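What follows is chain A paired twice: with chain B in the first complex and chain C in the second.
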Partner chain A sequence: MSMITHKTGRPAVLLQGNEAIARGALEAGVAFCAGYPGNPSSEIIETLAHAARDLPVYVEWSTNEKVALEAATAASFAGCRAIACMKQNGVNVASDFLTNLTLSGTKGGLVLVTCDDPGGISSTNEEDARWFARMAEIPLLEPATPREALLMTRRAFELSEEIKNVVMVRSVSRLSHTRASTRTGDLPGFDAAPRFDPRVPFHTFPVVPKHRERRKKLDTAVALSESFSLNRYAGPDRPELLVISSGCAWNYAQEAVEILELEQRVGILKLGTTWPLPADLIERYLLSCDRVLFAEDVDAFVEDGVKALAADMGERIGLKRFYGKASGHLPFCGELSPAHLLEALARILDLPAPDDAYRKEISEKVADAVPQREFGFCPGCPHRGTYFAIKTALAWDGRDGFVSGDIGCYTMGIWPTGFNQVKSVHAMGSGLGLACGYGKLTKFGFDQPVVTVCGDSTFFHAALPALVNARFNSADILLLVLDNSATAMTGFQPHPGTGFTASGDKTAPVDIEGLCRSLGVPVTVADPYRMAETARTLYGLMQESGPRVLVLRRKCALVQGREGGFPFRMRVAEDRCLGEACGCGRYCTRIFRCPGLVWDEASGKARIDEVICVGCGICADICPQDAIVREETGAGGAGPGNAVPTGEKEK
Partner chain B sequence: MNTGIGNSTDMAADPLNLIITGVGGQGNVLASQILGRAAVQRGFNVTIGETFGLSQRGGAVMSHVRLSTKKNYGPIIPPNRGHLVMGLEPLETLRILAEYGNPETVFVVNSRPIHPLNVISGDVAYPDVAWIRETLEGASRRLFWLDATPLAVELGGPIMLNMIMVGALCALPGFPLDSGDIRGALAEVFPESKLEQNYRALETGGSLVSHDEN
Partner chain C sequence: MAVSGGQALLNERVLASGLCVGCGACVGICPYYHYFDGKVMIMDPCRVESGRCFQVCPRAECEETDPGRGEETEYSGEIGPYRRVLMARAVDPDIRDRAQYGGAVSALLIHALEAGDIDCAVLTDAGGALAPDGKIVRRKEEVLACAGSRYSASGGLSALNRAVSSDETRIGVVGLPCQMEALARLGKTDPDGAERLAAVSVRIGLFCTWALDYRKLNRFLRDRLPGKTLKKYDIPPPPAEVFRVLMDDGWVDFPLSEIRPLVQKGCGLCCDMTAHRADISVGTVEGIESWNTVIVRTDAGAALVDSAIAKGRLETEELPEENLRHLKKAAANKRERGERASGDAGRSS
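Right, the complex of A and B next:
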């Protein structure tokens, strides 16, 4: 299904924003691509990995974003074009290297793509990674459409070579996940010939002159941005209001002006180069208008930058009235939409309020009747078994224990689907770092058992240093590695434990147990489907001290579904289910909450939803009446030995 | 408001704003992609905005498909400017009504609910399906209420639903794409072995709408 490896450009290809970034990189003749999966950025590397089957391009999933940027940088130092792709949190991880790398400078074009996630649609935070461009003093390009994403990525490589430094391209979820008919250019001949010139070293010393050099590169970037063709103005010569917009928000501003028929009153300056800002260009447009509205996603980044410029230009341009996030005309938090721009324009220009009778009437009628869709683990998900075992063991222990959580599908342990067991979640690997701290509080009498969880991919990404720390400082930690053999949350990308790479090549898998044992940390392995057994194992481990690892191994249910399915057909024996009379309080549907188990209002009993149930069989172990029955189907590549729960029950 | 859609001018709107709404796993994104590819082949400027996030885990999924002969419009349809809504699930259709519907919107909706976890658990109630139907009917130009899930199961499984619904869209008078366009796009995406099944789903959807018209 690759839409991006065609040799000759086409007038219109339906490309996702992330695919357009990938195509732009290929049109620039990229040689080396690296990243770590994270929505909304994952499709860039996936697309490139797919393209690498046909083109002489190297593509890898690295163990984390810092390693990805470092690996890509090596290609740049050797004179090749390279790209590193990540989500906003990934830039945080890579930032230590980035802020040093930008002092040494680069050689082959090096592009860092950040895909920010306004609204935190698939993130633990809402963060504007553009500040890193400003902090590291590198140029920042912000496309507004898939077509621009392609063009700006391609341009970013040239710009990087012109100034000999990293160039950052910033997308947002709405652009990364938008598909649009997009014109493509031709692919070049790929002729990478990497060679590191030992006479030209790359380091940050002497620091101050290198810093001065970096500032000079930034000045060059300002000059180049003044004539950048994707900084565009549309509108009257002397508008009543100037909208300065960047990224996806430009679409909303443009459409709001169109809907309100303000083309003769409002001008829109679209900035593609948002750091460093093109000061002369901005001055020209500020001179044309006394009122300015800023439209951009997440922080007031351009807004603050232009205001600072306007202060410097004060004598020439006079006093301006600025609208945006600071003035309260647009929100500081959450993703922008056309509705926000319509409202802001109407408020600033004092337009009559739009007719919202329909919206009000319907809202009043339906608002209370529309329940939110609660997120939950898939049917058959091993994490449901894991959290059930944790909940059981912590209850047995009775000392108010809790789970220190991490990033992945299992983050959903903060919600009812994971029995609300997870009490803290922040960044990749932080669950274990926190556990190291709790594990030393014992010195002051802290006696609550803390279980920390992390997925297999997260384990390699950032948990390892914390595990070494636990060993080094003899912290009392109990780490559960939830090994489902996939980076499931972001779309099943391979990681060091899976035994294959981004391009599908075989590689020796890194053995998690072996790694832990080599650190002197004892490891136990258990099956999350065997909930009672796992709970007992966990309870036992909670009573011990020092660093301990329990690997809970079971394939992601979506992967298992594709690889032969599950061995059971489930049914509820109607004669055994006592319904409301049981006294269990609808335990199976109210607490266990697998979407494959439903409550039949008509019969007043539990029922299996056969469309949704996959047949993992673990729910049979939770019913006090043994009313949930496993029937072997003979299906399921996993085979009974790999999938049959013990059938034991907690008493 | 139920005026039928013969000679509808809305179908000729530029941009034509189509919303596809449903639950993760129903094939929403694939449906929008197939429609998008077919529209590109027909020479439209196409923009499809997708919201999925955590939706693979049972959350709501919504695609905004915008077709224009003039330019690429933005990825989010402005408030109350949906011309056409393809609802794969009743509650998810109701959810977007106030934000994107208007008295002229045409709805093509599959009648079978998918209960959210918090409904399964008994924490909240799923609204009465007949009431959802009435509400959509009263707030739109036309509602096509289709019992498409059983037909999808007959055709090979619940996942066939999306192409039945796409077939229904194509049968609406004035809709700018026909099932031939969709067949072309399907052939680009699916292996030969899957095509016949999907073609039959398109036909099934088409006949649901024609039948409804009579």
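Right, the complex of A and C next:
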């Protein structure tokens, strides 16, 4: 039984921000949920998919965010409530549809949730997706707590139906992954009866009148936001400083004001509706105070908006002094924290700098306790073998070849764990798009081999159009599909190749090789665990021209671990290990760097960390001395997809 | 302690400066070097300060102040130290058919293997999709499959390192002068060079004027003869001045002047045409195609040649005086060219 499918509301349920969003959608009677996994958004669809076992709700992982929003929109057009969930980068993918959809308008409540990742903790950027609300001229709600996330999501469906357009809800990592005691409401009766009314078409023509209509909807949204209960003020009637905050930054502002005991001097206006801004409400508070500090995550979105309003209101409200990112009191880049707010408040109010002796003392004390860690592939990860083979083949080739990377665990190929082979990473599918370009530079004498990698899920998400492009334009590309049968980085969500859906139903898996072959692209399949053989295959493919695909197939080590594990117990034969000496130079721990291999300072030999090592066995193939020994345990096994490495040696 | 240096110095002096001749001596003793498709390359950075890779390299020449190294390379006369110079060929017509010229090398090896003088031999295979590579062989058929001239570096000594690492002993090695030089240096490497060299019973050196960069040759042939596969090549003795390649549809000749730019840069510094460091050196005989010139240099070499003659595997004749003179002249020319080039490159040999 899911935490969020209880029929009658409860006074206190411990909910993660993303679960609260899911519960809010269910309390709004959502019928259709779609998304593409990506941290920090993934748990929303996962929670809903789980709930769909008990409730008549449809939930899917779509191939990408644009398709997710489109699929959800169909439900809206047919009169049902629908939600599409994604991370900030995903909104970029969906944006082409979004900016058109908002001209045609919607019918059933349609909510687009973006979970932004300030600081880029698990993203390639720290983009602020709120601008899309402004660009598409749709209302934007920003919850600050799980409770607000629930309420605002629920409210977003109503608002969407009131203005007949998409409503965007923005969370950030700290909210999505925070747990808090949350009051829930009742679940409605789920009574979706989808029907598309052919008399009411949805399109963007004629464009200008449709645009006017969209502006009018935005005006309605402004009016509704003026009385929105989650826009709240707390503080004195005439504060010395007004903090205008949104989302998680509100929590930081609260905490800073409390720590500095400024409750009688500083007021905090928390905005839940950050686009369009409630101008009248803002004017009232600007009249109360001449100094304003903005607290919000990533861009100066509210800051810019309020400054623009203040210019319009100038005659009535007079000159204001604004503090925030533009003034340099808060950083433009990186995630905000209570410390940033403490510092800004102290600076503005001319207070002594916050005493951080204690913080320093603590961080020094724990520094030794926290081991230095770099990004690394898991023990047994097939990507380690893949990048080792790529490194080998590129060195053999000797023409300064490189890897055009993509989004997934294998992005870590930019670091030593992937032997620093990946030289560019941007958006989903971009590795292959770039490769298409390199693959035509050959006309100008470009002869560096380019290997592009993409995971199985990324292949379906955005690499396919680039592959068709490569075929169409006969680009010299070598695409490596790193098929580990999972969307591993975001938590093992199913994708078109896995053979089951978000709700766990079986479906026919899409055959990657068949797909490539149908495009007329020759496909080879190799095993990342057989590194030397794979390197030879790669070298051969690098010498050819035209579009080529090599599928490197081996299950994600975590999946394999759950499905019976690995066949070996590894050990180092100490008498054979050369250690630092000529002939080895700590090759396994210095170059290969699987976390299961550790350097024993005392003995001057390598050894296996039995807690970490999973027993995949591939390190035995890189030891120049055959000192790393595989012992068969009979576990896991040699079943299909888990064939035992052959023990072939690099020459 | 003769010489000292690690990967960084070897790279600076040899690999990065394009002087590597692909002998393969540094390959197979550690994971940091590979020989693949005609080239030796560094795979990963090694931080061992003094390594066998540097000590064994026939091109990692040292500064004059570096004691010990210079005296190792001795040139006693144009064709090096020797007991006698003969003309020889295989008695077995099967060997003569399949080998280039007289088949003396194949005959000597097959005899040594069959007589039990050696357990295995390190040769250079014919290549195929990839460049020729070192190969460990044990039987007549395998020897014959490797017969024929290559005219390109082969990384062959990597196969010797593999064999030694697999505890093989009594190994016969066939190689170019640079590879014989590397073997001489191998004996002085720390910590196990003497032990590794002791596994080699007999060294057969091949005459060599220069070797081609296989990848450059491949590109050249792909451009000139697209879609065809190279099967065999040959450089007929002067005055032909041609490079002949057997493609799948017959022989094609290229003027040597077109081929010379494909010669490995490191070969230009080489002063040794007849493999002075071998036990036996073998090459062609100018104007007499079905025989080989054989230079017997050491006791081990003499023992093998004598035993092959005694068992009726090898037949010999006196090398005509004229031919010996020509051979010495050619060897002196190569030495002169090499010394001049070394001087130009600011090196001393």
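What we mean here is this: the second predicted complex is superposed on the first by the 627 of 651 C-alpha atoms of A that agree within 3 Å, B and C clash if a C-alpha of one lies under 4 Å from a C-alpha of the other, contacts with A are read in each partner's own complex, and residues count from 1 in each chain.
Definition applied: a residue touches a chain if its C-beta (ideal position, glycine included) is under 8 Å from a C-beta of that chain, and two chains touch if they have at least 3 such contacts.
These numbers were taken from a predicted model, which means no experiment stands behind them.
When both complexes are superposed on chain A, chain B and chain C fit side by side without a clash.
Once the two complexes are overlaid on the shared chain, A:Cys409 sits against chain B while remaining clear of chain C.
With both structures placed on the common chain, the touch criterion links A:His6 to neither chain B nor chain C.
In the superposed pair of complexes, A:Tyr539 makes contact with chain C only, with no contact to chain B.
More chain A residues lie in contact with B than with the other chain of the pair chain B and chain C.
Once the two complexes are overlaid on the shared chain, A:Arg553 sits clear of chain B and of chain C alike. When the two complexes are overlaid on their common chain A, residue A:Lys307 makes contact with neither chain B nor chain C. Of note, the Cα-centre angle with chain A at its vertex and chain B and chain C at its ends comes out at 100 degrees, rounded to the nearest 10.
Of the two partner chains placed around the shared chain by superposition, neither chain B nor chain C is touched by A:Arg569.
When both complexes are overlaid on chain A, the residue A:Pro371 reaches chain B alone and has no touch with chain C. Overlay on chain A (Cα): least separation between chain B and chain C is 12 Å. Within chain A, the residues touched by chain B in the first complex and by chain C in the second are 591. Those residues of chain C that touch chain A in the complex are listed here as 27-32, 34-37, 39, 41-44, 46-48, 50-52, 129, 158, 162, 190-191. Across the interface of their complex, chain B is touched by residues 1, 12-14, 39, 121-122, 145, 147, 173-175, 177-181, 248, 251-252, 254-256, 259, 337-339, 342, 356, 358-359, 362-363, 365-367, 369-378, 409, 412, 416-417, 586, 589-591, 593, 595, 597-599, 611 of chain A.
Interface residues of chain A, counted against chain C in their complex, comprise 391-392, 395-396, 398, 539-540, 580-585, 587, 591, 622, 624, 650-651.
Chain B meets chain A in the complex at residues 23, 32-33, 36-37, 39-40, 43-54, 56-60, 72-80, 91, 94-95, 97-99, 101-103, 115-122, 124-127, 131, 135, 139, 153, 158, 189.
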